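So, here come the structures, one by one.
Okay, so subunit A shows up in both of these, paired with subunit B first and subunit C after.
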Partner chain A sequence: MQQQINREPALASKPRNRLANSQHLAPYLFVLPFIISFLLFFAYPLINAIIMSFQSVLPGEVTFVGLDNYRELWNTDFADALYNSSRYTLFTLLLLIPIPLLLAVMLNSKKMPFSNFFRSTLFIPALTSVVVAGVVFRMIFGELDGALMNSFLHLFGISSQRWLYSSELSMFALLVLASWRWIGINILYFLSALQNIPSDLYEAADIDGAGTTTKFMRITVPLLKPITVYVLTISIYGGYAMFTESYMLWAGKPSPQNIGLTIVGYIYQQGFQYFNLGFGSAIGVTLLGITLAVSMLQLILTGMFNKEE
Partner chain B sequence: METVQRKKFTASSWLLLVLFAILAVLMLFPLYALFLASLKPASELFRYGLNVRLDFDVMSLDNYRSIFTGKGEAGHYFEWYSNSVIITVLFTLLSLLLSSMVGYGLGMYRFKGRNLIFTLVLIVMMIPVEIILLPLYKLTVSLKLINTVWGVILPFMVAPLPIFFFRQFALGLPKDFMDAGRIDGCTEFGIFFRIMVPLMAPAYGAITILQAMNSWNNFLWPLIVLRTTDKFTLPIGLASFVTPLGSNYEALIAGAVLAILPILILFLFFQRYFIEGLTVGGVKG
Partner chain C sequence: MKKQGIVTLAAMMALSMGLSGCGGDGNNTKNATGNAAAKTDNAQAESTTGAGGSGKAEKLVFWTFVDAHQKFMESMADSWNQSHPDKQIELEGTTIPYDDMHTKLLIALQSGVGAPDLVDIEQSKFPNFMKGTPQLVSLNDILEPELGNIVKSRVEIYSKDSTYYGIDYHVGATVMYYNKELLDQAGLNADDIKTWADFETAGKTMLEKTGKPMITFEGNGNWSWWPAISQQGSDQVDKDGNVTVDTPVNVQTMQFFQKLVKEGVAAVAPGAGHDTEEYFGYMDSESAASVFMPFWFMGRFTDHMPDLKGKMIIRPMPAWTEGGNRSAGMGGTATSITNQAKNPELLKEFLSYAKLSKEGNIQIWKQLGFDPIRTDVWNDPAMKESNKYTDYFGTDIFDTLLSVKDEIAPVNIREISPKVFDAIRNEAIPMIFIDMADPAVALKKVQDSLK
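And then the complex of A and B:
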């Protein structure tokens, strides 16, 4: 229909109205794929998740159970998952914002030789899938004496560790894996923002006699704020959604004493291993609440910094 | 010229060079270790763990041979490879077409509901999909898409980040080209496909990489949708090698190397697009 109307010559007088109509209709046709996809694959499942979280969903048998699923969340497994995901998120923020920021400033410096080469090299780990990275790091953090991390410790006279059996050591392994895959990408975010800072700002500061530290704190950091907020947001998102890393490190098995259990891992376990769809949905809705709360908190905090400036 | 170069190479340049050289070695080390392990028999790995000893007596291409000759589970390797290629190509093409249409519609036209729809795009972008995993799984079951290529592709084909990116790009497109097209009797879709799509070529480059990498490396959703070994994608298949029952380290490690190799080679040629594509979200920054 749309096509036929449009095919008529634009300057013909009579179909002018219809043509105008098609210009009104066209944008809706352009955005139609999103509307369909949003309704079918996002809004509907989201509403369903909320409904299911108040139900006990067993094959062929759905009963309303009120808040039972949420009450059940008060257990040590969920506490472990929440603790692990939060701790992982917090540490990735502490590592993956300041370090890449500093490295990007160095790469952007006029004194830096082979800047482009290093930029690309540090980016290479980002090309690997979490599965492949997981395979490699599972072996690097193997418990045998000859495994890479342990032989590294031997250099300093430290004895071999069973990395994936302790809560602290395995969190370290997860963070090394995350840093390895993400440093290069975050460097690029900061680098592209740095390259957008007009150089006359620094020249003006030079004339005013500002030192390197002053220039960094007064020019670089404030102008990098938007990209930092962006990196912060995707890091929080990625941190709380983490699953594959821990799935791969523990080879798809439950980790000892839940040391590798994450919130999404808990959803996966309850939903797809125990077929506890109602309870699994309650975990999902809770995760939604957590991400919304953290995002709000972040908005308030970054907004407040705004006012101070 | 030469003197300028020499002048710039100060002590701090050396310091930076050393620092970044160490960093680069650390970053590449895991991949090097993986490659080396792929040349050794699994018995070595079980005895010593992952190490970087160069032992030419035990090194061979046997692991790769075992994948190509395909004994047991390893026999599915190239089936997984082709599943991954099919899904990646389909997903990327559809995603490019649909998200560029949506982004263009949002960026080029003023219409009622535009802001609402854009807000919805942002909301989808902000909410982790993992939250709706279970109902989405149920939906996929009732649409009879479980264990199919389309079950993997359809739910995430119209992705918010590419839409956002195309919208930003479309905002900068020349509006007069649109009027010129209309005067020449082009339909609205004609204007899009004949005039605007070529103008958006750089955006297509970046989004191709973004979506292709996402699809090639995607794990959680395919893990849920694909139930039988013959339908697996590469990451799911590789992960199935590490399970306690099916530990097949020869195939696992050689298979992992073969999974990253094509990407590394493409990266060498299309570095700029990879870098743009994988940092698309920072476009506003």
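And then the complex of A and C:
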């Protein structure tokens, strides 16, 4: 402190150094790395993708085609992809918010034995590579009698299923994979939020004679709202951005009758497998619009924008 | 202080030289010229010894998605260096997963930077590289003199406006792989099966005697229907790039195959394709008596179905009519030179040596187990030399191939092909073989969706 005060007048005499040490400049300097990486790796590709979505992009032959790429979106493949992605997102929301919330409350409870052990085991799937997990799940949902899911069905006297050929069964497989993978991460979010709820609230409730359910509904759930909204937002984004899971489940080949085609999978197929980069960009821009709209709607409905009032 | 600095520097130099020396020793077994030593520590070696670039080797970057192709090209580079001391090359091969490699290559060619000199492009991806102005180098001057000696359709697939852009590794002649032990059990002889009608009769006997299906078809792949229609001179796309999936021949073929499945003579491959782990296990446990697949499928037998060693024989496919074609050329990978190559002339010479010369073609058989595109090597004594394929299937492999040499029709690969292949694999074939829909309806649906 002493030194800083002493230095002030010295700095004042050197106006050139003043700029570099200025309090106004420092924040910008610190966020500069982010701004640069944002501009370079996010804004630039985004703007370029928007431009490309109005172009036909071929090696040595780039031409503007107006809205042609967007007009092409009106086809059954895109409809399938949109339907699959939306359905997947909806189901993941229904699974990946209540289940982790309950598990987190259980893990947070002092009565829970081995809670540290469960915490780590539930989190481990998140550390696994999706590629490896996809291969393993492909085996689990194999169509042979020896595959894990089929032998499980046999226990109940149900015959073997072709899991990856039916729209419903393969969606089930995708949801199992998603739950296995994401529950641990969402638990982590809820756990950290739970630890921020002051324990005196629960003590006061105890004195007032509130039961476990009442405490959960009246204290835990309302106080977790900000984190729940956050998890909801990233889950919506995650649901619509899903690609690797379905790509790996069908071993990199397109799925029969498009049952596993997602919007990002459609971008990949059109952009890279058919080398139609302009159309791929148009799908990407549309996806951006869809996720933005859904997230905005969700944030408005949960009242995130009128926090100040 | 100064002294210490010098000592450290000297130690570091010694260490780096030692390291590069080690690298050289390790690699020398593979790269006879020892250029590999310079590869890893090029800059260091040059700055410390000042004599690093003695050979003046031209550095060539090669991308592939098959590890064995990389090893093959490296070995060809070694023998090239031995026979061409004045034109040394230093081949830097990289194997990148299939989809990644093709995507990276597309982007590199589109953006004009970062592409390799030499690259493998798989047949069904090739049309993507023919869009717009092809960013590959014309190979006409090395190919034209050899066109008489090779299976011409194997380079025509990779051409646009009579300019050739790639050279295939193999013909991919489709053959029947029969399990002789099962045939014997059913009292059948593979050589008596001449036509598909004979095959159906034999299949019924097989089913009766052993309870096992005679053959398997792909449930979401192209390797069953496509070779069969190609045998009859039909295709999924015609010469001008029009979709022709629902022509009468194509529909009848599919109806015949579906009938075999319904009769139990044929089974749909578990895993829905022939190139899957499930299928390898299924075949290895002798669950079906035969399958037809392109020649390159031999490697799947030797590597993934070890229990069938000595039991499998290779024969021509049954013909559709007496005297009809008994094979079809399927699948393939072209090696191309990109327009970003620094020295295309040298590359062309090397590519011609590796993939068009007799030596190169013999090595393609010896190292990769492929049916080389130069048919004049098919009766070379080298083809009878024992290797893991002859140990597995017997020494008459090339006798079978020679007998169908002139019965391989070219296939049409056009700009729309990737879409057609996908639609057939994902829509039509699962509908026909899994949901048992009427082939005429399923193929018509695909035909209409592609217009």
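As a convention for this text, the second predicted complex is superposed on the first by the 272 of 309 C-alpha atoms of A that agree within 3 Å, B and C clash if a C-alpha of one lies under 4 Å from a C-alpha of the other, contacts with A are read in each partner's own complex, and residues count from 1 in each chain.
In this section, contacts are C-beta pairs under 8 Å (C-beta built on N, C-alpha and C of every residue); 3 or more make two chains touch, one makes a residue touch a chain.
Everything quoted here is computed from the prediction, not taken from an experiment.
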Partner chain in contact with A:59 - subunit B first, subunit C second, else both or neither: second
A:165 touches, of subunit B and subunit C: first, second, both or neither? second
Touching partner for A:194 - first (subunit B), second (subunit C), both, neither: neither
Subunit B versus subunit C as contact partner of A:254, first or second or both or neither: second
Partner chain in contact with A:82 - subunit B first, subunit C second, else both or neither: neither
Partner chain(s) touched by A:174 [first = subunit B, second = subunit C, both, neither]: neither
Which of subunit B and subunit C A:95 touches, first, second, both or neither: neither
Subunit B versus subunit C as contact partner of A:272, first or second or both or neither: both
Of subunit C and subunit B, partner touching more subunit A residues: B
Intersection of the subunit A residues that touch subunit B with those that touch subunit C: 142-144, 251-253, 272, 277
Interface residues, subunit A side, partner subunit B - complex: 2-3, 6-11, 22-24, 26-31, 33-38, 40-42, 44-46, 48-49, 52, 103, 106-107, 109-114, 118-140, 142-148, 150-151, 180, 183-185, 188-189, 192-193, 196, 226-227, 230-231, 233-234, 237, 240-241, 243-244, 247-248, 251-253, 264, 267-268, 271-272, 277, 280-281, 284-285, 287-288, 291, 295
Complex contact set, residues of subunit B against subunit A: 8-10, 12-13, 16-17, 19-20, 23-24, 27-28, 30-31, 33-34, 37, 45, 47-52, 98-99, 101-102, 104-106, 108-109, 111, 113-114, 117, 120-121, 124, 126-128, 130-139, 154-158, 163, 182-185, 187-190, 192, 213, 216-217, 219-220, 224, 235, 238-239, 242-244, 252-253, 256, 259-260, 263-264, 267, 271, 274-275, 278-279, 281-282, 284-285
Residue ranges of subunit C touching subunit A (in the complex, touch as defined): 98-99, 102-103, 106, 109-110, 125, 128, 131-135, 220, 270-273, 276, 278, 282, 418-419, 422, 425-427, 430-431, 434, 449
Complex contact set, residues of subunit A against subunit C: 57-61, 76, 142-144, 162, 165, 251-258, 269, 272-275, 277
